[in-house]
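Below, subunit A partners subunit B and then partners subunit C, in two separate complexes.
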Partner chain A sequence: MSQEFETSLGEHELADLAVGCTVLAGGGGGDPRVGLMMAINAVQHHGPVSVIQLDDVADSDTVFAAGMVGAPTVMMEKIANGGEGRVIQDTLQARLGTRISAMMPMEMGGINGVLPVAWAVNAGLPLVDGDLMGRAFPELQMCTPHLHDIPSRPSVLVDERSQAITFDTAGNVWLERLMRNTVSVLGGCASAGLYPMSGAVARGPVIRGTVSTAVRIGRAIRTAGASPFEALDSEAEVYPLITGKVIDVERHTAGGFVRGSAVIEGTETDSGRLVRVEFQNENLVALEDGEPIATVPDIITLLDRHTAHGIVTEHIRYGQRVVLSVFRGPTQWRSEAGLRVVGPRAFGYDVEFKPVEERHAPTH
Partner chain B sequence: MPRPIDLRLGIDVGGTNTDAVVVDNNQRLLAQFKTPTTFDLGTGIHQAIAGVSSVLDAPLDRVTHVMLGTTHATNAILEGRELLKTAVVRIGAPATLSIPPLLDWPSELRAAASAGEVIVPGGSEVSGEPIVPFERQELVRFLEEHAGTIEAVAITSVFSPVSAEHELEAEQVVHEVLGDVPVSLSYRIGSLGLLERENACVLNSSLVGVARKVVSGLNDALERNGIDAVAYLTQNDGTLMGLDYVLRFPVLSIGSGPANSMRGAGYLTQETDALVIDVGGTSTDIGVLVNGFPRESSAAVNIGGVRTNFRMPDLNSIAVGGGTKIAQDGDGIKVGPESVGHRLVTDSLVFGGASPTLSDAAVSAERADMGKRDLLADTAVDLTGALRIADERVAIAIDQMKTTRGDARVIAVGGGSVVLPPELEGASVVLHPEHYDVANAIGAAIASVSGQVDKVFKLSGRTRQEVTDEATTDARNEAISAGADPAAVEIVEIEEVPMAYLTEPVIRIRAKAAGPLSTV
Partner chain C sequence: MSQEFETSLGEHELADLAVGCTVLAGGGGGDPRVGLMMAINAVQHHGPVSVIQLDDVADSDTVFAAGMVGAPTVMMEKIANGGEGRVIQDTLQARLGTRISAMMPMEMGGINGVLPVAWAVNAGLPLVDGDLMGRAFPELQMCTPHLHDIPSRPSVLVDERSQAITFDTAGNVWLERLMRNTVSVLGGCASAGLYPMSGAVARGPVIRGTVSTAVRIGRAIRTAGASPFEALDSEAEVYPLITGKVIDVERHTAGGFVRGSAVIEGTETDSGRLVRVEFQNENLVALEDGEPIATVPDIITLLDRHTAHGIVTEHIRYGQRVVLSVFRGPTQWRSEAGLRVVGPRAFGYDVEFKPVEERHAPTH
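Showing the complex of A and B:
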């Protein structure tokens, strides 16, 4: 497993980042394509975005996490303006009176893993090599600063009309409630700047190096030729649960989320097995014979059987050929405090989290 | 007044051959004819009609309905020729400015199809409210500036599947400024997903010129053969569209070939749910018939390097065909992907050529009877081993397409299907229908008429059932207005897609209705 960090992202790196985001998303965050095209258009006009390590941010400088909040279906129709990052930066700077020196993706999955590149380029800011989830999650308090009692306030929401709304909430769960409702009024999606932190504070919670990891995963898959799964495994340890095809998928909306499940019937050496994946935007648990065989916060992703690209939950369809795979979830989420926020019980499953490496053998 | 249905003429213009068939009103096959595809569409159609007429035991003027399937529109895009210069109008600013239209189009196709692009203020929210008011003056300025080069206009507005108001206003502006120029509106062409719908709309707009040629080529060929009939083109779901519709929505003819084969296979065997394996000269397409229609792919469809959100038949294609070459490769055997294609009748061993093919292997194994079997006597390649490899590939591909456990019913069609074994692993039965080699033209001839809706609905107090009923009624009415028999129209597909992260219940419903042509 190589440990080189990216220092800038041009068009090729962005394409790899997008593929890496489909793998790390755990089925959530939407198809990264719109974010990728925004980012490509931005670097075509302004040149590659520079990527910095968290250690390069001065203690007193401010960084924030950015991403779109709302329905991916809306984001793919009412595409962002592209200048939202600058509006968020200006609003936070005016409010905090400190210099904002960089931004980072709020999650490393789906649209939001790639789209902040466009905002950073257009605002002339570097991108921090890290994020606050290490994967994708559905709610705004499911960010690592929440585990460190770091408030999301002041957070800013901006729409395509450049209307900026600042949220000073009593807690991060309130932010989730208020922002989610505001987004609905604004038409189903809007752009957010969350958890502004000084460099000194950010060094605690930020999950580091995830931009580089996603780029490396994408690059490995792209250059792998006929065996993308082996290449993927060399960058991120893969625990394949079952190879098969989707024989049933069911989705419904509840509480503003898409919930549902997919059933995968084994083929090849897994012939005769059936595994069911349940999701709330992201894949939450995988079950076989009624028993969980993987749960959040480990990353459960349906990978395309041929390309090893991740499949987002909205795109799961009857008949798809897939490898249901699990990756170790970020360490912070596997702590007791982390599991309270994003463990199986946080999503209504009365089961213990058991790390994937204790249940299954890796590919090798 | 159209005449009551008597005979139908189905024509399929493929890459290699043009096939024509005539069926009667009880859908009995009366005549069939195969002729090489010509560069000029009209000539090829004329030859196919003249040919089928020579083997038809009835006067051609009994033909009342003509159905054409053609790859002409696909080829125009792939080759970037005969395309109209299209003004690409998007209504959505200040949203969507981060991704300009046609950003990821191949540059040659973009140059061939675009007369310029603009994003003007306007568009709709998912609720149907305007994002901002539509700025008609900005559109007027753009159109005046490019008036000299614009041959067609494609208009795409944000959330037009929810509210098409701004697209309709913009269409009026176009006619005010440019007069009678063809206009494509995205809400009539694609579903949600702005960029994919916009791409489909621009392709459609640029294909209008090709559509005019196809329609006039077909009409000329019919006239030359004394046929006075209602004519249709088949579309990518295997159903028909009238020629006036073809002129407005030419892009929908893309992908009709495989759909026709599958529908034809279903007709020839009277199966409604089965796997269809269509073996040509170079490749094999495996698709699935569900309720008599091809199952559609969920993946984005790429046409000539342009991503669209069309629904196309879900196909698994492998490089196994009647002309697939066999070569000795060290100790092993190499099967494909190269093929002798239409040179099978000169290049393969049984026809005295020097290229061992899967057809030779099939003759050797006594699956097929063509050419001279004696000519295989002294070949050095392992024909039996090659056939085993091909059989295995087919079996795996079939397994990948199966949707339920247990063995599937399989229908084998296409000129190359003689290479298939009498029994296939994973198949409870393999049906080899008569006339398997013209299944595509038959599929065109027996095609039904469809109507569909793909719309976002706000529940606003209504129940899910009420909204679904509205969608299915719309689909049914559309099928009937396209010529389907009102008594026989059925809803063949309905899909509900809830939208994430919205607290207000909004659902997207896709419904398709289809039925046989009305006989009166």
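Showing the complex of A and C:
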């Protein structure tokens, strides 16, 4: 696997990023399409976005993370206006009395891996090559600063009417509760600025290089011609669980989340097998014969059998041909403290987390 | 009626204020008892609160209004900590870059006529003799600045955990919607700072002298011995509608409001009559034989037959002996623009507003 990092993202890189984000999202984060269109529009007007490494951020500089919060089904329709990043930046700067020097995606998945590029470009800020989840997750305390006891304070919520709500809460779980509810009142989704941190404070939690990783994975898949899965294998450690057809999907949008399940019937060498995936925006567990065969925080994604693009949970449909694939979850989340926040028990599943590499073999 | 204004409020004046607030609240604003205890506690520690007239506020000074937002039934149990006024002041000063020189009650009714005294004392601010409703109303856009196209911006919500949420909304109706919902998440009530204004801007909307009016009415009733109604008559223009007994009351708390109705069966010279009162925190309409006999924005209050204290809607009980009384609503609300915001149609009643003095005779 190549080690190089992106230094700027133009239209081609953004298309790669979007595909990579569907793979890494674990089914969540929303369809990147609207975010990609906005990001392409922004770089067409203002030129490519500059990408910097976290180590390029000075100790005393301030950075923040951003993303849309709400139901992915709504994000596809109630579209951001592109200026929210700037409103967030101005609000944070006024509150903190410091200058914001860069921003990063809150999560590396779905629309939220791509849309922050539009915000960064429109605000004139560089994008930090990293994020706070290393994948996508449904709730706001499921960010690495929370593991380091760093509060998201203040947090800012902005909608497409440029209304702004600033939160100073007693911890990140209160923030999730309050912001989630406010998002409902605003119509189901809104744009959030979270976890403003100095460069010094950011060094611990930020998961580095994830923008570049997503671009690299997306580029491999997009340029692979007839063998996208081979290309994916060359860029990532993939654990395929089952190749099959979606024969059932149940999904409902409530309280800001898309919840439900899908059943995959095995085909080819997996004939006779049935695997069920349960999700809350993101895929949480994969079950076979009633037993978990993969869980969060490992990244569980339905990949399209032909293109190897990831399928977001709101797009799962009867008849889709998929390869249910797992990637190792980010290291910070696999710790004991991390599992308390994003392990299966944190989502209500009474099962122990077992790393995917202890259950299955990778493709290579 | 005497014309003098209060210049400070100590324990006696606060007890008067609380009673006056029950009369002027129109059934809403919540039971002042908890607010009175907090205000008394505050003045015991810090001395009487200084009361100033609006004209004592310089054009360039900044003032704000404050009150608890939520269901009165919850306000009696989920008690403020007394320091919310200071948190609001600090948040507004930081946001606006100006010095706050005074604060006032948001409404002159119920707990919200008294509790702001505790906040003012604990924050070291004088209290302006005035408010933004001239009575109590259930929703946040039902404040006089809204009639003058003055947005409540920013607005601040603080809970007893000292969490603070700041709102910059696209207008006051959006603020009501967002703040009301947030109050639900916080447990059903919280403390709000609203309509920060310069002295110059405040001159139009603020309803002047209402703190003094409430104190004067309360003092008259409390010192009246056996004839509180005569004492009330000497201080206010009262329109009694019916003397009777509460024979039915239906009430439920939902969405931050206490909604319901009560039926009064006439006694003494009113025998044979039945009047129904419908409320949403505040009493909205009084009906007899299916026809309205009084409506918002006139102040409709159930007064205790023996003490002349006002009864808040959450304390209406079967068997209570009451005099259903009406006072002229504040002039600003009786205008065409005012009626669009707080007239009967604004609450869903398809009736024209008719001033109480055109339907009934006052007691003197």
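Just so we're on the same page, the second predicted complex is superposed on the first by the 359 of 364 C-alpha atoms of A that agree within 3 Å, B and C clash if a C-alpha of one lies under 4 Å from a C-alpha of the other, contacts with A are read in each partner's own complex, and residues count from 1 in each chain.
Note that in this section a residue touches a chain if its C-beta (ideal position, glycine included) is under 8 Å from a C-beta of that chain, and two chains touch if they have at least 3 such contacts.
What you are looking at is a predicted structure, and each value in this text was computed from that prediction instead of being measured.
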Is A:Arg317 contacted by the first partner subunit B, the second partner subunit C, both or neither? first
Does subunit C touch more residues of subunit A than subunit B does, or is it the other way round? B
Which of subunit B and subunit C A:Lys354 touches, first, second, both or neither: neither
Contacts for A:Arg222 in the overlay, against subunit B (first) and subunit C (second): which applies, first, second, both or neither? neither
Based on the superposed arrangement, let me know which partner A:Leu178 touches: subunit B (first), subunit C (second), both, or neither? second
Which partner chains sit in contact with A:Arg334 here, subunit B, subunit C, both or neither? Use first/second/both/neither. neither
Of the partners subunit B and subunit C, which touch A:Gln163 in the superposed model: first, second, both, neither? second
Which of the two partners, first being subunit B and second being subunit C, lies in contact with A:Arg95: first, second, both, or neither? second
Touching A:Met38 in the superposition: subunit B (first), subunit C (second), both, neither? first
After overlaying the two complexes on chain A, where does the subunit B footprint on subunit A coincide with the subunit C footprint? 161-162, 181, 184
Within their complex, state which residues of subunit A touch subunit B. 34, 37-38, 40-42, 69-74, 76-83, 118, 160-162, 180-181, 183-184, 187-189, 245, 247, 251-253, 255-258, 265, 267, 281, 314-315, 317-321
For subunit B, which residues are in contact with subunit A within the complex? 92, 94-100, 103-104, 123, 125-127, 129, 131-132, 158-159, 192-195, 288, 295, 298, 314, 399-401, 403-405, 497-508
Taking the complex as given, what residues does subunit C use to touch subunit A? 94-95, 161-170, 174, 177-178, 181-182, 184-186
